[in-house]
Amino acid sequence: MSAVGIILTFTFVNNVVLGQLLGVCPILGLPRRPALRLGLMPAAAMPAAALASWAVRRLVLVPLGLESLQLIALCLVLALFVLLPDGGKAGWNLPVTNCAVLGVGLLTAGSGVLGSLVTGLAAGAGYLLAAVVFSGLRERLEMERAPRALHGLPLYLVTAGLMSMAFLAFDRVLLARLAG
Amino acid sequence: MSSPSSFCGGGVRPPERKSPTASLPIRKACIPAEALIPLRQHAGEPARCLVRVGDAVAEGMPIGRAAGPLSADVHASIPGVVKELREIRLPDGELSPAVVIALEGEFARTGRARTPVDWRALSRGELLAKLEAGGVVGLDGVPAATRLRVSGRPEVLVVNGAESEPYLTCDERLMVEKAAEVLSGAAIAAAILGAGSVEVGIEANKPDALRVMAGAAVGCGCRVTALRPRYPQGEERLMVRALTGRRVPRGGRPEDAGAVVLNVGTLLAIHEAVVLDLPHIERVVTVAGEGVKRPANLKARLGTPVAALLEECGGLAGGRVIVGGAMRGFALDGLDTPLTKGMAGVLALSRRETRAASRTPCIGCGRCIAACPWGLRPVELYKWLEHGQLAEARSRGLGECTECGCCSYVCPARIPLLEGLASGRRRGAA
Amino acid sequence: MTAPGPLAPAPHLHAGTTTRGLMLSVAACLLPAGTWGVLVLGPRALAVLAVAVGASLLTELLIAGLAWKSFTLADGSALLTGLLAGFTLPVSVPLFIPAVAAAFAVAVVKMTFGGLGRNWMNPALGGRLFVTFSWPALLAVGAFPGSVSGGGWVRVPPWQLDGSLLGGSGTLGAVSTLLLALGSVYLLARRIVAWEIPLTFAAGYALTVWALAGLPAGEGLFRGDVPAALGSGGFALAAFYMATDPVTSPQGRAGRLAFGAGCGLLSFLLRAYGGRPEGPFLAVALMNLFVPLLNRLGSPTAGKG
Amino acid sequence: MSGDFSRSLWRENPFLIYLVGLCPALAVSTRLVNALLLGAAMLFALLGTGIVGGALERFLPPRWHLPVRLLVASALVTACDRFLSVFAPALHAGLGIYLPLLAVNCLLLGSAGRGGRPFGETALEALGMGAAFTVGLTLLALLRELLGAGTITLFPMGSFRGVLRIPGLAGQPARLLAAAPGALLALGYLSALGRWARPGRKGS
């Protein structure tokens, strides 16, 4: 797939959050105000994770014949992030429990270095898009009274569901025609 | 006369409904048998009471002394005996001490000829002292002396004859019948301010007033301009913008643009206080609405109960009774509320006129945003206030709201936007 | 709460508009196009419309009645939702489709969020999207032409069938662009809907179609067929009746202009490249997501001036 | 203690009410069998991580707790993954990357730093959480598969191919529910139902 195709896929057609349902909980749980900043952190971690995944696979796992241990190796990398000095304060450990970050690492398993990087960037952009749009809608929801049982997370889920439904407009036909 | 000028953006065009009273000459109202005179007829603290129960008071005698720059002297509007001192609730919900005077004795001033004072011989300080002694208060509750004592020497005096509130014609009648006196008041105010020019703004729907005022203004350095009829054309900042082209900064006052705005009724009171030595004890009030049998403009003593004013106009046929204008006035629950310095109208509005309907949820139509003359978003402010987020509402311009009521006027969901914003502003001020 | 009691708050006058008045005006403006559509498409169109409206009213009645113990049908919004949902559907669909679309619209898209004024997606569009993606085969493009001129009382001349102004595809909402536009003239003149949205919607759509629509077919720039694009596929319904839904469109002028332009661009994209004739509907639904962000445009905040 | 178990199973079901650990589960809740498999894997990983991680935490400074949990979890999940790929490749393919993703699930990592408790308590907590996760996910998958595909998919056994077709629904299912939006919508309403049915809400 071309770079344009990858970008369109992960940002719109199969948006990491709204299409692949990765990283849904961090987005639903985002605090109201600094949505952009908190969305930026995992979004930036995604290309890093994609590159790290490629590097670990190419430099360590494949030479040693240990491809099946990819998950452990990736988690080792994530664990190192957490152990960085002041990791907790700087928010480095935030991406660790974000399945979208690990998911991108796993999804790029078959790609080359450039493909991994583009995928990571596109997925990050898709994540950011979903986070910003959702935070706007959520602010609106918080201003209104909703039925009690639905208030809060259930309503956020239905909102995310309707968002995801609207994103289905970006389908494979569109992708094929745009990316050739 | 050039084509009517106006403010741009926002505002509404409510039905004028001025015709029943616009062509009727001002009528003198009967003197009430008992006057109820609130000691708070201005923006600041209530005036300090100068009388006790049993005291005999003469017509025009001070009964309250100003307590601060936003406070003004209050005078006995009728001669008589102080019958009672009590606390009353004013239409805006504020409490005020009030003096009840039972009519007795003779009128020392009414009907007597007066020699006009040559005010040009007086100093600025003497003029201001006369205004203070006369208890002259502007339509917004700020004493005229305080308003004119501004620093920074404004260049323009703007005379507000817009009267964009529906129903009201008292200013229009004053301009038709007392143009010379109004302009004399304007000259006095301009002299106190040291202002070089006087701009008179009158809505184009008052051709008589425009003609008479333009005629009277010839040779006295005033310019009379026709304004496009549009509520709230009478807002100070919008008047300044329409007449001088000067832009008052957001949330600022006309003084910030070198202008002072005074209403024609206030100018008449200034003229009477300075030239005739008459204190502010009577005013012209429009009594109108479908609930009033014979609408009229009455010149009545302050302290006259609303019930007496309505009686004078043939009695109340029913409906919602409002004091002030239909857009900004207050509904009454009892008719013993007295006439005060700032009360331009007593209206009895039928259901057909108010077009009341029940409240429905906000559908986000944005009409309130389009109607706000200040470019605010009333619906957003209302929602923030509903959630107790006063700081958020203030950061979005709650402070600039002048409570003109355009937002509530257009809201199809009938959300009490003005009420919500006004109560938020009071909370913010406290 | 605000009953005209003795102490009603100012102002004591009102422009006279009510929510119900607005809703019913919009519904009334759909009538000419709806009547014509039924005449052209036959009794089946009436059935689709009736099922959609019935399901919408019933769902609203049940949810509001059972869950909130209130009667909300009087505000007219359920009627309008049902009508719009019916207008967007091809008349050839099985009748459970309009029922599901209208019920989803009212129950999930509107009532879940608390009812009228609290939803963020246009209910009728939400319902349309749900059935589009749930039963794609039943709503596919192929279903349109077959039903045209089948069983209607009025025969549309053949030269009109491909197009637009008086008789197009087999959807009520796409039969007559002309009559839909006529209804919206009234709405615009009475300021019942905001003019900004249809303006930039149409402008954005027409410009992109004109400039770029020739590209997929290899005809080069500035070769797009603008009249055909504006006159078909529910563009008029989307631009005049869906995008202008006050609840789910921005409130300020700048936001509205941007919203309409976004709808226009996305319509073109989805129509020309996505191969979806219902592109304008999808575009409006997508732009609904951005309304809270667009509402920040031109909003007075601290620090200004 | 058994009260804890039943509470976490329904009344305080972390999956339905607090929506903890839902990400990897959402995408695969299209078929019942996926839910059961993922639930079993989760149960195994929870037990193992709770016991091994808890034991290791006694000897490590706090900042090591999270990374150690992460590594233990990834090792256990890899084991599950390999096991499935060998013995049930078809089912394994259905889970895709979502089984490995269990390694960063909040349910597993959330107990970091709570080691050093008695073995029985840790095990029971893990069992309760795992069971709750399975129950919630199964409900979600059942709903989505029934309405979105008109089928119920179980394990193939003997002549039974593992797929039950529901007459009436299987012909024209609401396919949206089988797609991504369906997962979010269905979970939203299920969790609302869970909250509504929670008796009293005085315990929380």
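For clarity, chains are labelled A, B, C and D in written order, and residue numbers in each chain start from 1.
Note that contacts are C-beta pairs under 8 Å (C-beta built on N, C-alpha and C of every residue); 3 or more make two chains touch, one makes a residue touch a chain.
Bear in mind the structure is a predicted one, so any value in this text is a computation, not a measurement.
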Inset, instruction - Compute the centre of every chain as the mean of its C-alpha atoms, then state which one is farthest from the centre of chain A. - result: B
Inset, instruction - Averaging the CA atoms per chain, pick out the one whose centre lands closest to the mean of every protein CA shown. - result: C
Legend entry - Interface with more contacting C-beta pairs, comparing B-C to C-D: B-C
Inset, instruction - Compute the distance, rounded to whole Å, between the mean C-alpha positions of chain B and chain C. - result: 48
Legend entry - Chain centre separation in whole Å, for chain D relative to chain C (CA means): 40
Legend entry - For chain A paired with chain B, centre-to-centre distance based on mean C-alpha positions, whole Å: 62
Legend entry - Cα-centroid distance, chain B relative to chain D, in whole angstrom: 70
Legend entry - For chain C, residues contacting two or more additional chains: 108, 117-118, 130, 133
Legend entry - For chain A, residues that touch 2 or more chains besides their own: 150, 155, 158, 162, 165, 168
Inset, instruction - Under the touch definition given earlier, write down the residues of chain D that touch chain A in their complex. - result: 18-24, 26-27, 63-64, 66-68, 70-71, 73-75, 77-78, 81-82, 97, 100-101, 103-106, 109, 176, 179-185, 187-189, 191-193, 195-196
Legend entry - Parts of chain A lying in touch with chain D, wherever the complex brings them together: 18-25, 28, 68-69, 71-72, 74-76, 78-80, 82-83, 87-88, 93, 96-103, 106-107, 149-150, 153-158, 160-162, 164-165, 168
Inset, instruction - Would you mind writing out the residues of chain A in touch with chain C in their complex? - result: 132-133, 136-137, 139-141, 144-147, 150, 155, 158-159, 162-163, 165-171, 173-174, 177-178
Legend entry - In the complex, chain C residues that touch chain D: 100, 108, 130, 133-136, 138
Legend entry - For the chain D and chain C complex, residues of the former touching the latter: 172-177, 179, 181, 185
